[in-house]
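Here the chain labels run A, B, C and D in written order, and each chain numbers its own residues starting at 1.
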Amino acid sequence: MMHVSLVRVAIDIASLAATVAKDTNGATAVFVGTVRSSNEGRPVTGIEYSAYDEMAEREMVSILTEASQKFGIAEAVIEHRLGTLHVGDASIGVAVAHPHRGEAMDALRYIVDETKRRAPIWKLEHYTDGTREWVNAGGVLET
Amino acid sequence: MMHVSLVRVAIDIASLAATVAKDTNGATAVFVGTVRSSNEGRPVTGIEYSAYDEMAEREMVSILTEASQKFGIAEAVIEHRLGTLHVGDASIGVAVAHPHRGEAMDALRYIVDETKRRAPIWKLEHYTDGTREWVNAGGVLET
Amino acid sequence: MTVTVRLFASYAEILGKSELELTIPDGSTVADVVRSVNGMPGGNSLPPSPLVAVNYSYASSAKPLANGDEIAIIPPVAGG
Amino acid sequence: MTVTVRLFASYAEILGKSELELTIPDGSTVADVVRSVNGMPGGNSLPPSPLVAVNYSYASSAKPLANGDEIAIIPPVAGG
């Protein structure tokens, strides 16, 4: 079971893990990203997540397909939340299951890293002083 | 919050993750080990887990301390279940939180690997043909 | 031919719009569309070689376009 | 001096007990205790150099023991 989704409701870690459960899998690895109370020293009140929805979903499906080929996983799920999130809210949840733990954790890292690197999703961070900023907008740009 | 425990009730992944949650942590990584329906080709009905309780807890505390020094984590929990487990039941749950994802996932892997390598815990596996076997009892022995 | 250009996040704010239609000569490439967008009001604040996707896949600036293509100009991503 | 020896899992099954008291000469080491256990009925099925813990920490076979120590003979672990 491979599944990706962009959601506007709370991410439920237990149901993510349940989604990838199978009797032949002995290892489930889960990652949850949450909104931190500060970023690079600036106190944060919340983050607005937006996406190029159609492409983000396709890119996440590609990432799961790659992970399946690289690590032999057959069960993986990515859930990314969009909209306004507050400190402590989960923005991304990834769960992977495999018969063995090494592959489950390797695949988890690959999926999380690639999703952050490639999925067209953006964060508009709001700070306690009322200002806001697009995260990483001054980052290195590549063609 | 660092915590280890040996339990005889179901491991609850959502409460493990909640245990390590903190507003300054942006990344939570969780591992759950479950009883597989087969091991090395033999169909399994269940596993009895037993431990040298006092030492297992101390060893797990040492592992969390090492992980804290190596990866800078301040929030981590290991829960290991003992007693009779059936296929699909969780035998171990580990949750780690850190401001950043790389450290959270590095620490998760370290804690899971070291717990499996060092915690004095044993599995008596039961098979569908009625036989049973101590897992790894014929493994390499070291002084 | 006509293509759709989509803008997101900081780029949509800079240009004051998130979608536009462009009529371009046959044989135009991604680079030609980017140059058109750079020439619009505010467009010079965009980088000269941004990440671009054509029909939901990342594409190089040399990629030739076809009528009806959807070209997305992608600000640095920051998901997760 | 007297020490407690604890046995677990397959080793406890092989020796038919999980705990025993041993009176040993002063200056005895882990290796001496292991040799005693190897000499008990069934004990020759245990490896000659098993993993051992003294007072809840892994210890080398050369470690000298003290009165009241708890020596655990540890089968290959298989947690998780």
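Just so we're on the same page, a residue touches a chain if its C-beta (ideal position, glycine included) is under 8 Å from a C-beta of that chain, and two chains touch if they have at least 3 such contacts.
Nothing here was measured: the structure is a model prediction, and the numbers come from that model.
Chemist: With subunit B set aside and the rest fixed in place, how do the remaining chains group by touching?
Modeler: Leaving out subunit B yields the groups A, C | D.
Chemist: With chain centres defined as mean CA positions, report which chain is farthest from subunit B.
Modeler: C
Chemist: Taking the mean of the C-alpha atoms as each chain's centre, how many Å separate subunit C from subunit D?
Modeler: Taking the average C-alpha coordinate of subunit C and of subunit D, the gap between them is 72 Å.
Chemist: Distance-wise, how many Å sit between the C-alpha centres of subunit A and subunit B, to the nearest whole number?
Modeler: 24
Chemist: Taking the mean of the CA coordinates per chain, how far is subunit B from subunit C in Å?
Modeler: So the centroids are 49 Å from each other.
Chemist: Got the subunit B residues that touch at least 2 other chains?
Modeler: Residues 33, 101, 112, 116.
Chemist: Name the residues of subunit C that each touch 2 or more other chains.
Modeler: 80
Chemist: According to the definition of touch, which chains form touching pairs?
Modeler: Listed in label order, the chain pairs in contact are A-B, A-C, B-D.
Chemist: What part of subunit A is in contact with subunit B in the complex they form?
Modeler: 12-14, 17, 21, 23-38, 87-88, 99, 101, 104-105, 108-109, 112-113, 116
Chemist: If you look only at subunit D, which of its residues touch subunit B in the complex?
Modeler: My answer: residues 6, 8-10, 13, 47, 49-53, 56-58, 60-61, 72, 74-80.
Chemist: Could you please specify the touching residues of subunit B with respect to subunit D in the complex?
Modeler: By the definition above, subunit B touches subunit D via 33, 49-52, 54-56, 58-59, 80, 91-92, 112, 115-124, 134-143.
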